[in-house]
Amino acid sequence: MAFNSFGKLLKVTTYGESHGTAIGGVIDGFPAGLKIDLEAIQNELNRRKPGQSKIVTQRKEPDTVEFLSGIFEEKTTGTSIGFIIRNTNQKSKDYNHNTNVYRPSHADYTYDKKFGGRDYRGGGRSSARETANWVVAGALAKQLIASMEINAFTSSVGDIFIDKPYQDLDFSKTENNIVRCPDESSADKMIAKIQEIRKAGDTIGGTITCVAQNIPVGLGEPIFNKLHAELGKAMLSINAVKGFEFGSGFCGAKMKGSEHNDIFNADGSTESNLSGGIQGGISNGMDIYFRVAFKPVATIMTNQQTINSDYEVREITGKGRHDPCVVPRAVPIVEAMTALVLADFWLLNKTRKI
Amino acid sequence: MAFNSFGKLLKVTTYGESHGTAIGGVIDGFPAGLKIDLEAIQNELNRRKPGQSKIVTQRKEPDTVEFLSGIFEEKTTGTSIGFIIRNTNQKSKDYNHNTNVYRPSHADYTYDKKFGGRDYRGGGRSSARETANWVVAGALAKQLIASMEINAFTSSVGDIFIDKPYQDLDFSKTENNIVRCPDESSADKMIAKIQEIRKAGDTIGGTITCVAQNIPVGLGEPIFNKLHAELGKAMLSINAVKGFEFGSGFCGAKMKGSEHNDIFNADGSTESNLSGGIQGGISNGMDIYFRVAFKPVATIMTNQQTINSDYEVREITGKGRHDPCVVPRAVPIVEAMTALVLADFWLLNKTRKI
Amino acid sequence: MAFNSFGKLLKVTTYGESHGTAIGGVIDGFPAGLKIDLEAIQNELNRRKPGQSKIVTQRKEPDTVEFLSGIFEEKTTGTSIGFIIRNTNQKSKDYNHNTNVYRPSHADYTYDKKFGGRDYRGGGRSSARETANWVVAGALAKQLIASMEINAFTSSVGDIFIDKPYQDLDFSKTENNIVRCPDESSADKMIAKIQEIRKAGDTIGGTITCVAQNIPVGLGEPIFNKLHAELGKAMLSINAVKGFEFGSGFCGAKMKGSEHNDIFNADGSTESNLSGGIQGGISNGMDIYFRVAFKPVATIMTNQQTINSDYEVREITGKGRHDPCVVPRAVPIVEAMTALVLADFWLLNKTRKI
Amino acid sequence: MAFNSFGKLLKVTTYGESHGTAIGGVIDGFPAGLKIDLEAIQNELNRRKPGQSKIVTQRKEPDTVEFLSGIFEEKTTGTSIGFIIRNTNQKSKDYNHNTNVYRPSHADYTYDKKFGGRDYRGGGRSSARETANWVVAGALAKQLIASMEINAFTSSVGDIFIDKPYQDLDFSKTENNIVRCPDESSADKMIAKIQEIRKAGDTIGGTITCVAQNIPVGLGEPIFNKLHAELGKAMLSINAVKGFEFGSGFCGAKMKGSEHNDIFNADGSTESNLSGGIQGGISNGMDIYFRVAFKPVATIMTNQQTINSDYEVREITGKGRHDPCVVPRAVPIVEAMTALVLADFWLLNKTRKI
């Protein structure tokens, strides 16, 4: 069934609670013979790790990945790749006050009802700490499909949006600022916004846009494994995500066919690209682009009313070290999940015609 | 791998091209002992079928489903349920002019490149005719989870939106009009809009909202099978869909945590429901609601420039009988896919605690 | 979950009861662009069909397969291949006396207890009629891996065994006799034995040996998809099978390592082949051979004591038209399932190294 | 695809090479709320571990399992259970002489050809060390289905067989001797045989019989997940296994229907049990019993001719510390895999009727 697995031919299966011993996973189906750059993987983890700047959680955790199998003499062997990231900086006592109390808009209540109990320390399995596993797997996938370029970036924080099409942005600037927005003037405003929100003990939502370029024609399957459906599922799997749109997205729903159709150029490319690089669920070689909506983090530093597991009304105030906005740290996660989806379909495509 | 399967425990696997002999599928994992109302299934198919009103395609096709196995003496037997819908009204010659020509914003180009050839008659496998299979499976799923209520409706056509929250709508009115909008005054405007668009030989997009009520707490899995991620994947599998959002959706990305959090009532329900009935990927018993964006149909009745498979520039004009707006016929499809997702998780939940 | 599916990349999903409307299935993952010989598929079905000789059931059923999708202009399109075989000669009234009675060593009792009811006509889903579906899928798979040669044959009936190694047999003679034994003198004895058994109203078991030659090195996965484990599962899925052994098999368990090891020749082949062409779960290019044990058919024409669903003791005598020995008709089934396993791994192997 | 996964609802995914850093895995789908006896799990590992007696490999390795997630306050949480077993006693230099040389009847040649390279230290992924992972998963599964009794034992070594039916054996004596044979006089002969073989630098095969009792009626699925087919696949996945038979097995292939049928008693049990507790792929509540054939270990301490990867002829002599007979240590592995299969179907059965 694979409740904790993602992918078809290239499949990652994960485990781990935020305050358990370790998180980790198994990557199955990775082809043999690829030289792996381990440092590049750790670099991706560093982009996601806590404590990296003043606008993210101040928790310090090195998030060092250890590979346990499947890579020998620097190359993949074709056997399953086990990896582990030890948890080193859990302050479980930050959560003692929550043992019995359901934090609003968290997964506490639903886990408790579903499973008849839960690991209450830091969200347990529902913690976004899990996404470090995905970044490891995604970083490996990126190396498998090295010719494809995947660039995600923060496209809005609250009501501050980049007011340019992605074609006018220079993705090499994304890492130049701590909010991961390639448009410098927008970045400054976003950072100021997050700092203001943090000081108020509050949190704020935002969006990430992802652009995948240099994509071969033919990725994706016609019916239930449409490329955009798998991308959508991948994005909606990320904690705090509330929406996904690709190409023309929700705006497309207001348009007429005569406006929306992408007319072919003589070389098979299209003049416009409202399709977002995907037609009939299959990549057409144009840029793939999509947008992901993140709600504000549910843990806020101000008082909220709630209930406990005995249905008694309680007051709760966030403790611990939390992100005022998840978006900057989610950028590498969006890229990782995109890489996993693309690599899986790329591998699969080797089997789809004789 | 299951390119043509949807679901985990309750799994539907389908086949069929729009102008082939038949479409159909196999439903696997359906529990034994449920009395099946076959007429109710045919009724759902009738809601989707072509030719049902003046604002949909005028193609006439009865879409009669025949069950071949798995139902005996009116009850499910626990074995796989095979079904078939014969194609009866194909006018393949409507497509002769397209044999070699790629229709803009269709799947012609991508199928051809992916597979090295394609069934060019009416889109072949990429045709939305496939969704009749889903309606059959979804109608069975609805009977399995009869206590849950699933209501989808047309919430916008072009720039005409219902301007009320769903709580103010009476879903029993959805079927009262041909656009399937429970708000009568909006419905009238939508119908007029579609007729205007049709006369111009053009097409128009729209959105569908779906509300699932009376949902047990605990549906959905924590990590890669989050309830909303599976719903998103299901919706993004429907032809012409460009976006999915649930609960606060893209609006939530502009909000602060102090505004967005759903405060608990003493009974475990929440005051607001920006979570959209899902927290941490698991249903919390509140209404699940989400919105799906459909682009305008790509086949228009006016001239467009395009290319053929030899990369020669050609002119193309839509022929055949097409929908000016897919949304009215997509309402039962959205409900069917929602039912499949919910039934699958409901079944699965029987195994998740001792 | 796929209770009714077999295969990974090349996956067949089936449905159908022996006395329902039809049986059939969906073949998913078949690569695009293969020219299909439909007559060859029907020929394989004819090898399995009832009524073909005096030593099999005298039921007459044409077993004509109709393809519904996925093949266009004689080539596979890469989309799912639906097929159907109508049931035409059910004599359900032969089973009226069994409605409530459990036939000994059949699946009546277990189906009834598992599902709380069953289709009692001819065994329903438990009937070996299902294997006609497998022969269709296997015949397609054979065409995909046309360079590999798969030859199954009857190697024993009761205590009559071929007393030669397979290397001394001429597989082109297998179809020369109705018991499908390439050794003529053994064949004569087997046929006489089956006729004698049939006259006594009894049934008899037997074994099938299968030899797969011209196999590429590298098919099979190291751990849970070992080539021989998948072959074993495939064979044990066939009705009436009680055992599977490959290479040295149960005899190998009596041997010493110094006797059993297959010494390499300079070209990578091995002198002996007790490994049966598979080492560590992966084909080594030598002949793959294995043996499958079939129990005697449970339906006999003499009186047996049994019980009904109210746990009342009853007498039962077989009616209807049954095989005195399943082995001759099972030969094409063994080949079909072997072809499915090999084709699946062959396809998969395209993805296992860069 | 899950090359390294076993199970459907209860799924274990593993990784690890014999001379890598660690082996381990993820157990997915385990229901929440079961109190776990960790000591019982370690005890099962101890039954499998090397160095436990004079007739097994003298390698010393503690095989200590560490659980990393999914168990909280001694209970399962419903989330995935990660575990790791560090490798502590690898003597990789024992294998330096093999870097380039293919050991006869090992997986060296096939891995190398399949993947274009291999981890040559101790067999890498092909080592039976992997089965320690299975014992962990199986020990957890045993606790989930605690009411079912699973007893495997050594039933033959070379040509020394227990000459009694299993009903005459006292399974509580299996652990009384180092060969794990509950029949004491046979055990003595088997031990003597293995010691004689070891002294000669040779190895020997054997069989394990497994009996599962107190099994609920209804486990197993009709078509491609027959209970015996899954058991067969599980057994054939174990290193060195060459054959599997259940119930009457290969002997059944010589019998007549009138001899083979199991006549019902008035309570639904059967007088005889040649079916081996499984009819139509589904358990009937009678004892399940089956037999597994193990070939002799391929590593022998005498000279053998072989080739290297340049196809040059070489001489090879086994070094390192190897088992003269795998059977005694394989007994807990057979039980573990049986437990996994039964637990998976038991869990699944909760979903098969309304």
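Labels for the chains are A, B, C and D, by order of writing; each one numbers its residues from 1.
The working rule: a residue touches a chain if its C-beta (ideal position, glycine included) is under 8 Å from a C-beta of that chain, and two chains touch if they have at least 3 such contacts.
Predicted model only: the values in this text are computed from it and were never measured.
Undergrad: Of the pairs A-B and A-C, which shows more C-beta pairs in contact?
TA: Most C-beta pairs in contact, of the two: A-B.
Undergrad: By mean C-alpha position, what chain is farthest away from chain B?
TA: Following the centroid criterion, the farthest chain would be D.
Undergrad: Starting from the mean Cα coordinates of chain B and chain C, work out the distance between those two points in Å.
TA: For chain B versus chain C, the centre distance works out to 39 Å.
Undergrad: Suppose each chain is reduced to the average of its Cα coordinates; what separation in Å results between chain A and chain B?
TA: Here the centre of chain B sits 26 Å away from the centre of chain A.
Undergrad: Mind checking the centre-to-centre distance between chain A and chain C? Centres are C-alpha means, answer in whole Å.
TA: 46
Undergrad: Got the chain A residues that touch at least 2 other chains?
TA: Those would be 1-5, 8-9, 14, 29, 32-33, 78-80, 114-116, 125, 222-223, 348, 352-353.
Undergrad: Please give the residue numbers of chain A that touch chain D in the complex, ascending.
TA: The contact residues of chain A facing chain D are 1-5, 8-9, 11, 13-17, 20-26, 28-29, 32-33, 66-70, 72, 75, 77-82, 84, 114-119, 124-125.
Undergrad: In the complex formed with chain A, which residues of chain B make contact?
TA: Counting only chain B, the residues touching chain A are 1-6, 8-9, 14, 102, 104-107, 109-111, 113-116, 125-126, 130, 156, 158-159, 197, 202-207, 217-218, 220-226, 228-230, 232-233, 236-237, 242-250, 252-268, 270, 274-276, 279-284, 293-300, 302, 304-307, 311-313, 348-349, 352-353.
Undergrad: Using the touch rule from the top, collect the residues of chain C that touch chain A in their complex.
TA: 1, 9, 29, 31-34, 78-80, 144, 222-223, 347-348, 350-354
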